[in-house]
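Both complexes below contain chain A, partnered by chain B and then by chain C.
== the complex of A and B ==
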């Protein structure tokens, strides 16, 4: 007997192997109705494969998929009532945008008149109504992307699947498209799975993010949860712009807590207890560090590498030993810095990861 | 494009010097023979008989003999060969090789593996083996008493058929389909491979049936390749000579095509003047087909697809 899950889209122990390569490894996800879920991870971690499993374009090696309380694991794509937008948009080059957008309705045998009305309606909504009679090659990348989205929403699917739909756009268009897609998703309330390797995109758009590494979903949470409470070093080093600074060192037991020793500095942690001297990693966010020019100050000794003004903030690159460390200062003017500085972080803002990479201390 | 658009890395004279061998080669082996054929098509040149020693100009009489409508449809005449050729081309190229090649390519597009390798290897082998060898194999294959085809058909209770005598033209059509399908198959296979997988998959997710997908998406995308295949295969089939090795154009000229007819007049009867006239007609037809093909190619490259 299988237990039908409560959530709208459920993946249970989903596994997909291509020969010896295990692309998706026992992935379980539960996504509520109407939510914008982002699947985030580095290249080759199995995001696309997971999405294709949901779409029905790949057959899982094991595990089940439920959509709206129905087991769809064995169903072909067209019976799952999902819509997918591919990275290359897959607009048919010989059809006008009008024909492209209307195609899912045509296939379903809708009468010509109602197709025409519905296409106009959707196109109006996505602000491409005036270019409907052009071919995909005759419109801009951003307009192609809208047309692909229009084709996906035209028949009101249960689930939207996006595979890196913004990666072909330039930086400015991408920002616009992010806002546009997020707005549209909220308005239509269609449950969405959105695959991306860009953490900023995932953070900006999603209600919930699943972080994937090497075929496994390592952590699921809201953008803020992932930012504040990363489960392990991989997640911490993946999220944030720039991501968290991570420095190797050793952790040893001391009276009343433990002591972390890195390259030329030691830090004492009251609440952390270890049994013996082990490898460990110190973590802190670039935006939560400060720089001290006075070398007598306590803190992590660092060498100045580069200073990049970004407008409202300044990004400073430093070297601690051989490790690169970023510090973000919220100041418009360029600070005058000596070659050797100290990086200071409020102890409550520090993270610690044990030798396996698991997080053992988060900010309070 | 204006000449200015090219950056010249060599002086003109040197460029011409490099071109000269190719031009000379073409002139010797292509342009000159064509002109020669054209010239003697208006003469009664022959190896034997009175014209053999002193050929003379006969005007268009060679051509008017070919198109002598009172008798040109009789067996062994030019009209008969022309009709046979049309049937042969229609049957083996337009109805045979091209649709069959497309069907095989579609069937195996997503099906990698042993069966695909087997079918592709066999088809390609049929295409590249020497004509003399395959012709001999087909003579054996179609033999009334000992041939494999009749042996296979007898399993289905069909009695022995004398293929050469009763169906000579169908026999060489069948042979030519077998022989040449590989080209269309490989061409379409490559064309299908050029369609991004996301196009197929979008159609799958949308829910298009196999027929809808073919009609609305695949067919329009491979239409340029279809034209290429149709024209090239027509051209080749029109000129092909290998079937001669199987039927010799017989029995009683019933499977004689224009190329066999030309061969017979020119090299068996040794009437070069008449043979040249047929060759000129063949070349004209080839020229028209090639022009259509090239202009299609050019138009396609203009639109970038």
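== the complex of A and C ==
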């Protein structure tokens, strides 16, 4: 018996193995209609394979996929009514942009006249109407990207799939394209799955993010949820710019709580109770740490490594033992820092991860 | 420039001239001899330019039919067949995930180059005999297609492999049926490769002597390479004036075909998508 899920796009225990390698491991996701969902993870984590499973370009080893209440697991890509923007855009090199954008309508057997009108309309909207008669090789990367998006939205698909569509653009265009895609998605209200390895992109664009590691979806949540309450060390170390600082150490039981001891410092946690001396990890966000120049101050002793002014803020790289630690100071002027400093973090802002990497303390 | 460099340059030029003249001489003969009233095997610029040799050829209906009908039919049919089947097969071999398909592709070429040619003549003849294809264009065309296909597939596979899969995948997701993807996306992008293959197949079939000699019985169906023997005297001496003129006519279609494809697509024996495909 299959239970038809309530959500618009639903993946149930989706698994994909290539020989002995399990690329996607029992992934279950439920995405509401009209939401912008980002699938985030390092390269090789299975996020693109998951997307290709949704598109129908790969056949799952097990599990099911539902789109709008319909089981599409066995359907070929052309019957799923989805649209996909590829990393390399995959604009057909022998067709003009006009023919490229009109292609999904052409194969659906729309009359020529209505194809022409619809293509004009979409191109107008995406501001590429004046270059419609050029070949893909004759337009810029940004324009190619818009054309690829135009081709994807032209037939008003049920689901929009993006496979790292911004990775071929330079930094400035990427920022522009981010805003453009987010705006367009909100305007059209098409449910979107967006694959990226860039956490900043996922944070900036998505309503909801699924973080994938080694074929599994580790955590799903809104960008701020992931930022504030990472489920484990991997997620914490992946999200944020720069990501969370993680320092190894030991956690031992003490009267009324536990004590964390790292490289030359100890910290007491009232609310945490452990049974025995165990390996643990301390975490804190670069933007929530402060630097103390006075060595008599309590805090984590650190050695200055590099100071990078970024305009509105200063990024400071430090070494705690052999671990690299980032601290972000919101100051336009360069602080004068001695070689040895202390890093101080409000105890309520600290994170703790146990030996398996699971988060055992989050900020209040 | 020092003395040594000049010396090497001179050696190089002499070498190039030698090589070039070696290959150029037959071509010069082919261009000069047909217009001479007394052609020999030597390259001589004819003192009186004449077109009588060509007139003589055009009076020989057997030879004209051989060149302008039989050869064109056989080479054209082979070209069409090889291009069609090699493209389909190469596409399938490249796109389907069959275990050991690379080994399969290599074995294909290896075996065909081992078993082809004279060794296969008797079985091929028997096969055609039982299929009742002796003395038919189709018989020649089938044998030629069979002989050229392995190399053709191998050649074509390279072009297909260089075609990014995302084009086809994008078309599939866009709602196209696999055959639409093949027709609208794969074929147009593969066209330069197919053209190279077509010219290659045409040239191979156009110049083939052995297979039509064995398969074709009636003179009215013989292609040019066989028909050229009608320009021998009964004693077996070649009539060089007519043979040279006929050879020149025989070479022209291939040269034109080559120029046409080269002008339209550019000759490349490897894959790769040149931006725009123009």
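Operating definition for what follows: the second predicted complex is superposed on the first by the 364 of 364 C-alpha atoms of A that agree within 3 Å, B and C clash if a C-alpha of one lies under 4 Å from a C-alpha of the other, contacts with A are read in each partner's own complex, and residues count from 1 in each chain.
Note that in this section contacts are C-beta pairs under 8 Å (C-beta built on N, C-alpha and C of every residue); 3 or more make two chains touch, one makes a residue touch a chain.
These figures come from a predicted structure and were not determined experimentally.
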Chain B and chain C placed together on chain A: clash or fit? clash
> In the superposed arrangement, which partner chain does A:75 touch: chain B (first), chain C (second), both, or neither?
Replying inline: neither
By the touch definition at the top of the document, which applies to A:94: first (chain B), second (chain C), both, or neither? both
Does the superposition put A:304 against chain B (first), chain C (second), both, or neither?
neither
Does the superposition put A:107 against chain B (first), chain C (second), both, or neither? both
Counting residues of chain A touched by each of chain B and chain C, the higher count belongs to C
Checklist entry - In the superposed arrangement, which partner chain does A:362 touch: chain B (first), chain C (second), both, or neither? => result neither
*Classify the contacts of A:138 with the two partner chains as first (chain B alone), second (chain C alone), both, or neither.*
second
Both chain B and chain C touch chain A at residues 55-57, 76-78, 82-84, 86-88, 90, 92-95, 103-104, 107-108
In the complex, chain A touches chain B at residues 55-57, 76-79, 82-84, 86-88, 90, 92-95, 103-104, 107-108
Within their complex, chain C touches chain A through residues 164, 166-167, 169-177, 180, 184-185, 188-189, 273, 275-278
Note: in the complex, chain A contacts chain C through residues 55-57, 76-78, 80-84, 86-88, 90, 92-95, 103-104, 107-108, 135-138, 151, 155, 161
Per the touch rule, the chain B residues reaching chain A in their complex are 196, 198-199, 201-202, 204-209, 212, 216-217, 220-221, 305
